[in-house]
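Letters A, B, C and D name the chains as they come in the text, with residue numbers starting at 1 for each one.
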């Protein structure tokens, strides 16, 4: 039951008028972490998945809990694991942990479909990607 | 039971590598619609809520269903109504309707807390803002 | 000697950690204005220029003077005119005028090439687009 | 004559409808590199410069040459050096080098003022920051 982590840093331009991370940027952090996950764990850079394999992984459902605000200059870790795997969809959990305290500031669960980039229709998850996702399966309670 | 609508247009820079709107931008569209809602319905520009009233409305929970993809150049409407109102929090529903078809492409439900901008602690919704929210209450099934 | 103007509004998420518009967002405002210019003056939505005509207009040179800062909630106008037209390139001037004072807060001059979207190589400006650009030619001193 | 370099990676969401990096994102890359420069060379995280020292460094003039396009998944280096230092302003050059070829894809020169964050008025560059900038002075021809 592997877990993947990558580091992000809160940038000057990520901050909104209220002085904290603009919450749409949190979803961007998750996508950046996903790109790193593909490179490091799936072993295929995400752009090659799109261009070479002609597969896309659009979000179809998203749930997020924003528990603690993130501020400029902070370092955080995005921890990725997989909560469910279907025929062509799967649920990825992203937990953003503040480096200083280890607290989970944000938890996001994203259901993505695996689609053919020409037709945008769902296709079965390829075996190699499915195997990597399975290796990162976690229990929701952990 | 009022509903609020504002128009958005999908911009060149909103598009991602897969050729559709980068999904974090959808949350940005919702926030832009919220800013318009405050100006038009609450009657206080959102920056004066922050600066003058010293109130903020950070997202604490978000759920989104991405049903149809949005493409560059499209015009869409963001329809806002309110699903629940608590003491200091409320749930806003944002439905993004494609202009050409009227289809709901994305539905997002965001729970926001009303917080004091100095302390970031929840405070009761002020009466004037609560009254406007109540005027926009809708049934989840509609 | 026509001038084109379109309105923009400074958004909550456009603000940076220093409380003013994050300057890369200024270039985004210019691009949004360009998209409106194509729709309103060239008569071809910019996405059809790309998809139908297979032409792109990448920036090759940019100069910007940031004279006054823009703040959240402000309304501004982007005024577009054309300073020079070559065989395949042209220089567009974008002046961002604060609504309240009429002051030019930012002036940006962007040289764009007209390129074939397949090859990314310069091609001559098509006659219809050239004619519209010529109608908006202005003297740099105005 | 020190030079500073930091790595960036072109992200999925940085790409525009033409399939290349949306050029306002290039300025964001430069700002991210500046934040790293402050941390690594000035020795003060940029947010502490703002919050603790109450200094800001807004862009007042920017010039950029976009020579080669950047694509999704690419790794690049941002090389920073200083071209001129005045009493309260200085010119930073950012060159974005493609990792694969070493080519300078974009060169940006940004004049920033050193301002008091309360008044947004220019103040002299503090001695410690000036010393670091001087250590990174370069000749424009190099």
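Criterion: a contact is a pair of C-beta atoms (placed from the backbone, for glycine too) under 8 Å apart; a residue touches a chain by one contact, two chains touch by 3 or more.
It should be emphasised that the depicted structure is a prediction, and the values quoted were computed from it without experimental measurement.
Undergrad: Give the chains in contact with both chain B and chain C, ordered by label.
TA: Touches both chain B and chain C: A, D.
Undergrad: Name whichever of A-B and A-D has more C-beta pairs touching across its two chains.
TA: Top pair by contacting C-beta pairs is A-B.
Undergrad: Indicate the whole-number Å distance between the mean C-alpha point of chain A and the mean C-alpha point of chain B.
TA: Each chain's C-alpha centroid was found; their separation is 23 Å.
Undergrad: Compute the distance, rounded to whole Å, between the mean C-alpha positions of chain A and chain C.
TA: 34
Undergrad: Using mean CA coordinates as chain centres, what's the gap between chain A and chain D in Å?
TA: Centres of chain A and chain D (C-alpha means) sit 29 Å apart.
Undergrad: By the touch rule stated above, which residues of chain C touch at least two different other chains?
TA: Correct list: 12-13, 17-18, 22, 24, 28, 31, 47, 50, 72.
Undergrad: Chain touch graph shape: choose line, ring, star, complete or other and state it.
TA: complete
Undergrad: Mind listing the chain C positions that touch chain B in their complex?
TA: Going by the criterion above, the answer is residues 9, 11-13, 28, 31-32, 35, 45-48, 50, 71-73.
Undergrad: Okay, in this complex, where on chain A does chain B touch?
TA: Against chain B, chain A makes touches at 17-18, 20, 22-28, 31, 47, 50, 56, 58-67, 69, 117, 120.
Undergrad: In the complex, go through chain B and note every residue touching chain D.
TA: So the residues of chain B touching chain D come out as 12-13, 15-19, 22, 24, 72.
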